[in-house]
Amino acid sequence: MNTFLHISPITASILVMLFPLLAFIIQAVLGKKSISGNIALIGIIASAVISLFGVFLPGWNSTSVLQKWEWFTIGEHTLYVGILVNNLTALMQLVVCIIALPVHIYSRAYMKGDSGIHRYWMYLSLFCFAMLGLTVSLNLLQLYIFWELVGFASYLLIGFWFTKETAVQANKKAFLINRIGDIGFLIGIALVYAHCGTLDLSTLFDQTSSTPLIDKNTPWATFAGLAFFLGAMAKSAQFPLHVWLPDAMEGPTSVSSLIHAATMVAAGVFLLCTVFPLFNETVLLVIVLIGTLTALSAALFALGQYDIKKILAFSTISQLGFMMVGVGIGAWDAAMFHLTTHAFFKCLLFLCAGAVIHEMAHLKAKAQLEFDPQDLRHIGGLRRFMPKTFGCMVIASLSLAGFPFTSGYLSKDSIVITAYEWASHLGGVYVLIPVLLIIVSILTAFYIGRLIFKVFFGSFKYRSYIKTGMTFHEAPNAMLIPMLFLAAGSLFPLFGLSLTNYHHTWIMQALDVDTVYPTLTQAHLFIPALLTGGAILGWLLGWNWYVKNKYPLSENNSFVHFANKQGYLNEFNDRIFVKGSIKLSRILYAFDRHVVDGLTNLFSWFVRQLSVVVYWFDKHVIDGLVNLFAHATYYIGHLVRHVQNGQLQAYLGFALTIVVLGILYLIIK
Amino acid sequence: MGVLSILIFLPLVATLLILTLPSSAKATYKYIALGFTFLQFGLSLYLYGNFDATLGGIQQLDAYQFVEQLSWIRMDLGAIGKLEIDYLIGVDGISLPLIVLSTLVMLMGVGASWNIDKNPKGYFALLMILNTAVMGIFSALDFFLFYVFYEVMLLPLYFLIGIWGGERREYAAIKFFIYTLLGSVLMLLVIVGLYFSVINPVTGAHTFNMLHMMNPANYVDGSFFAYITNYHEVFGIPARLIGFIVLFFAFAIKVPIVPLHTWLPDAHVEAPTPVSIILAGILLKVGGYGIIRVCYSIFPDIAAYTNWWLALIGVISILYGALNALAQKDLKRMIAYSSVSHMGFVLLGIASLTAEGLSGAMFQMVSHGFLSAALFFLVGVLYDRVHDRYIYNFRGLASLMPKYTAYVAIAFFASLGLPGFSAFIGEAFVIIGAFNAESMSTGVPRWMAIGGSIGILLSAAYFLWTLQRMFFGQTRLKGGQAWQEALTDLNIREQVILFPALALALLLGIMPSLVFGNLNASVLQLIELIKP
Amino acid sequence: MITLTHFLVVSACIFSIGLYAVLAKRNTIMILVGIELMINAAILNFVAFGKYDKINYGGQVFALFAIVLAAAAVAVGLAIILNVYRHFKTINPENIHELKD
Amino acid sequence: MNISIPNILDQIIASIPLFKPELTLIIGFIVCIFTALFMEKRWKNSTFTACMVTLVFSLYYLVDQLSTTGTGFSGMWLVDMLSTYARLVIISSTLIIAIFLQQRHSKNNGDVYSILLAATLGMHVLSSTSHWLMAFIGIEMVSIASYILVGYFSQNKIQSEAAMKYVLFGSVCAAVMLYGLSLVYGLTGNLDFQSAEHLQGLMDAPEAVITLALLFVFAGIGFKLSFVPFHVWSPDVYQGAPTAITAFLSTIPKIGAIILFARLYQSWSSTAFYFSELSTWFIMVVAIVTMLVGNLAALRQQDVKRMMAYSSIGHTGLLLMAVFAYQDAFSYLLFYIVAYVIMNLATFIFIDQLEQQTESTSLLSYAGMGKKMPMLFTAFTLVAVSLIGIPPTVGFVAKLMVFTSTFSVFQSSGNTGILLLLVVGALTSVISLFFYFKIPLYAFLRDSGKESYERKRSSVVLLIIAYLLTATIILFGIFPNWMMLMLS
């Protein structure tokens, strides 16, 4: 198949980058005239096709190829720009294309009629260009450039509705917090450059060479590793730098689905996978801890949310935490795997949510109602109105919750199991990590279940309106088709025919990294069971609690006792887990809002105040000193004039006195 | 009359032309000025094109290009020997980018002063004199010549600010003048000292030739600034250290560094738009150029000895300027302080004494050159429309003047160091160089580099804040309806001026080799000179 | 017998008196007189020293010139003071201070 | 030494050639008196013409004296390059002053020219002698002539007061100096301060007496140069005197005095005894103080002439610096003098022009004049720039040369005091910027509330001269060696 078009993967991946760029430029030139988005669409289709047939299929599982061109020389060192195509990059690029394509199609319907649509397509193409460039960069500096460009694109897209105050606040926040990370990244680059004199990934992490450039057990390596991780933390919204992602939901939902769920936020993970050889134990441990913390906290926050997109945002954060853990435990293959699967189902989730919100918004508009179309409490029982959406969403959620037959199942297992192996290899408190991860995945199942039930089951608050002729119908095909496509992608077959064993998925086989610790076969049995069980349990609870929020069973049932028990169990569960966890989540969320985010705001406020103080200092002390000096000189000038009082004899007296004094001084001394 | 001399003295011709033309022809002045600056720009491009990047320059004359040497002043002062002053000009990798930059910024400046109606004759005449002085500074290799141009530069500026400036123009003008003169008179003393310490190896006479001053062999033993066997001390401080400090002080005022920067906000805010463009675009660079060409090249030993402090000053300027910018309510003042912050990077890079840092600093100077010019021009656009710069008086301009907003956004992001634009390369390599300094053991610790990188964050903060505060959100203006009409979008002329600058920022951001290519040899040479 | 010292002492006294007059008198004419005294003190010195200057009579010659010049100066001074009196109707230097900072 | 009459006569006759220019002046002086008495009625400007002719002639004699050096009148008259060039400068600037007077005070001005010539003669004497007697005569001639000049046109209170202050202060200083001289004479028994026994006498003399004598002597010179503390008279007199006379006062008398002082210092500082040390320190301290006082006091002035008085005090400080650094090479000393003269003459001509326009010498009256007479104020600004010492003007080169020579002294002696001298010199030029630039500040930056004045009595000749002077300021600023060529 790699004879396709007879172009080398290098050229192909360059083309993949260039098409969106081309689209961007054309649309920038056209300006308001390009509202259809066809150009962007064509661009991304071309990229997708080429990246699949030109880069991925030929590049996959073959030796990594790279090509570099001299960029500029500074001092003795020459920097190159280049393209690196190996499994990792090819996969990442493909994922981006495959996700971006449906989102583009979806957007055509979703964004139709928006006044600023031409900017939308422009920004979207820009983002695709940057993201695709990021994936195949050879040079760390080059990577950094694209890294910031995606941030810039996301800034533009979050603030797409720039007249909305919250939106512009959000995009400012997003960019600034990402800037913190970027500085970390930059410092990392600087350190690497200072010690190795080059930034080419190929030369830096050259496995073949006998003497690796980097001795990772040096303090600077630790420092650099942490710096890189800081960068990843900001991009991938790791605690405590995650605060920007929930706010970023101010952007159009399609944007959230592409950028803030599937691709850009995953760039952090991708970066860590790229520079993985740099990390030593210390750094990795830090990554694991932060990852776990993020996964847990975000999952808890998600429990209590009422805003659909917020829930999904937090779930994204938590899933990113999973990936981080994957990297941290050294199984970055698993992390990449989860990244891929997550891209599909999370994107799908957002698209479905988008469809729902779209309809709700329409209803709101038509019926002149005043409610937040994203608020769960206003939505319900939609499965009758939009069954297909419902179907897609269910698949996506199942995948997220990690039910068998879904891709999520495989990837999540891969991480959790490896984590367990890692923990049991190290022993001691490390076991806490996999345990926490399992709890998190159960929580995940629960909150996503809650979302599904609340949205699609129960009774719809605004039925009455629909009775009165208001149409409330399925999403249009332009939106459905991408969703269906992604839904297909969220199932296991895409990744390999083995239902249970993630080791047999082609991604894992290709990217396989041999870990220091042994594989525990029994783990492959009970952990999936545990996860699945937990997931099912979570859904049951959710079902019982949100759909039939009363005891389901009648008296004269043969299963009374059991049912009662179950009821008790339910109540028990209800009291202990559900209520408890929801309360907890509320509290924690409040904590997050007011303390973590509050800290961010506090910090910005502090900087503001500091700046005011500094300015005061500048104006009154430094400049004041300058003026004081001037005035002092001026005043001395004034004093000197006292001699000139116009009295002749005073003059003479003055002059002669000084002479006499001089004489006296000279004689006496 | 070599091409370089033509480049320098062309504007003088323009001045004479303008002065001789009767006031009835005042409409033509700006076209004359524009024409001559265009010619200059062409010449500078010619220089750029015919520049041999392999030659280092710095302290060896044969490695300079477009050199012209005429004996200018020969005076027999009897007991104290012959006064030997040459008209010696030349270009090396350090000065070439700045020359090209200056011509470009001058072009922008002339374009920006298109609708100056108050006494255009004097205005353009002074502008052209300034132009000459600037070109002279960047190409003079004889210290006397350098000093002459350096001082001549001040006079036109005083009047440009003082006559065409804002309300507090008198204060700003004299403040600027006094500040700079204070630096330069002390510099004059050091020049005299150097004159007596250095002899021209060929003629054996004392000389003002900078290149001779850079060569330790030419120093007279026991002279005041002698390299070796120098016992001269003033109040216990070695003479050479004093000399370096004084020269640094003189140029640091121009850069400007904290705490010698307070003339800058006043001068920028009070100056008319074209003048602030030139101030920020060219004159600040004179400081950086002076530090490299004079302080570091003539006192390399001291440079290596003091760079810790210089770097510290640089970091302080970065953070201090950024914080000040964050606190501003006047847009122009904000940008002025941002210049302080960005020029801090230059100092940090220079002080790092690494090839990366120095090149980064040079690049930062170039990029800051036209970026700050563009920024000031943008402020000027707003000020022309409604004569107000107060950030809080504007809201949601984006929906009112989309083109303008687009340009502002690009300019802001370019200067807050968004990759793909030139400022990023400059700042990134300053940081990288500062990090590298420890590996090169030039004595600049890493925490300074980190401090610098925090400056990048802050710059993002104030630019984004301004962007959000002024341009986004619902349109609300202090001036109400009147402003609504006044605030028309950019016209063709303004776009013609803005577009090249921003395009150049992008171009250099993508192909830094355009600058680095010509820089490298000289930078390496300088590093060699400083590291014996 | 009168030695050089006597001359010097006397001339010093005269000089001081003249100086006093110059500084203290409230009448411009008296100031002129004081100046005259000072000059004469100097002349006295010259003559006294001239006694010991064998070669050429530098002292005496100087004395002569000094006398002439002093006379000229005083003449001019008087004329100007007259002029002042025309404008100010007084010659008390205390009251003549149009010009000052 | 043989003092038989024929010998002396021979000597006198032999010395006549060295004395030609002065002889012309003397003759011219007498001629002027007569023309003023008899011809003025019939032919106006006759005296002026006579004066001009005299000056031109003596200029001519000077020029062909350029190569000759020698002493005459039994060592009382001393002609060398320094004196010749100094006298050249004096004569040429006197020419300008004469024209100035003629332009400004056309009526009953006959005797002014004779007095002017007398002053010039005195200056010549000062600048070409090393003998105290001659020096004293010279000083007195100049002083008396200047008293008369100041008082000559006195129509109002201010001018007469100025004259009075000048004459009294001057006479007192002269008297003090005379007393000092008498002591010096007593100590040394020889009045030629370059001769060996003079120095020998000073070496043997007791310190206390030396101190007294020297300071008294310096008082006289200080009055002429108006350095601190003998500067107090100059602001009042400068302000009070007619502008043309102020121009004269601020330039010419200083030349002679500074030359004398330079000779004196050179010959005295050659040895390493108390008196030379004393004079060294004296000059250093006085120079520093003078520069500071002059420039600081000028900051607050609102009257241009008064401001210029202080500025010239400040420049005296720099002149002292030049004297301090004066060794055999007089070129930069002369250079500074010439620069100073040119700048001051130009300045006062401009001031005078404006005085004619605005009937005032107050800076406030310049407000907004820049628009009405741009040419004049541009030139004026350039002169101010030169006075500050900013390139590309002759003022800068002069200052640079003074600094250079002073630094060379510093490098050889390593005396930190000299460094202080240099630093003060540099800093004061920054201070001076502030008040000199009041002129363009008012002229260009301020707007005048008043209506424009009718142009009256603005003399074209003077303006042309002033512009020429300005041109030379720039020209010599860029090509100082041209001037040096003329000087050597």
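Letters are used for the chains, namely A, B, C and D, taken in the order the chains are written, and counting of residues starts over at 1 for each.
Throughout what follows, a contact is a pair of C-beta atoms (placed from the backbone, for glycine too) under 8 Å apart; a residue touches a chain by one contact, two chains touch by 3 or more.
All of these numbers come straight from a predicted model, not from anything done at the bench.
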| item | value |
| --- | --- |
| Pair sharing more residue contacts (C-beta pairs) when A-D is set against C-D | C-D |
| Averaged-CA centre spacing for the pair chain D and chain A, given as whole angstrom | 82 |
| Euclidean distance of C-alpha centroids - chain C vs chain D, Å | 25 |
| Computed distance of Cα centres, chain C from chain B, in Å | 65 |
| Rounded Å distance, chain A centre to chain B centre (Cα mean) | 41 |
| Sequence positions of chain A contacting 2 or more other chains | 641, 644, 646, 648, 652, 656 |
| Residues of chain C engaged with two or more neighbouring chains | 22, 31, 93, 96-101 |
| Two or more partner chains touched - positions in chain B | 178 |
| Listing of all chain pairs that touch each other, if any do | A-B, A-C, A-D, B-D, C-D |
| Residues of chain D that touch chain A when the two form their complex | 164-165, 168-169, 172-173, 176, 207-208, 211-212, 215-216, 219, 228-230, 232-233, 235-236, 278, 293, 296-300, 431 |
| Of chain B, residues touching chain D in the complex | 72-80, 83, 119, 122, 147-148, 151-152, 154-155, 158-159, 162-163, 169-170, 173-174, 177-178, 181-182, 185-186, 188-189, 192-193, 195-196, 223-224, 232, 234-235 |
| Residues on chain B engaged by chain A in the complex (per definition of touch) | 175, 178, 258-259, 262, 320, 323-328, 354-356, 359-360, 396, 398-399, 413, 418-420, 424, 428-429, 431-432, 434-436, 438-439, 449-450, 453-454, 456-458, 460-461, 464-465, 467-468, 471-474, 511-513, 516-517, 520, 523-524, 527 |
| Chain C contact footprint on chain A (complex, rising order) | 641, 644-649, 652-653, 656 |
| Chain C contact footprint on chain D (complex, rising order) | 1, 3, 74, 132-133, 136-137, 140, 143-144, 147-148, 151, 154, 156-158, 160-165, 167-168, 170-172, 174-176, 178-179, 181-183, 185-186, 189-191, 235-236, 239-240, 297, 300-301, 306 |
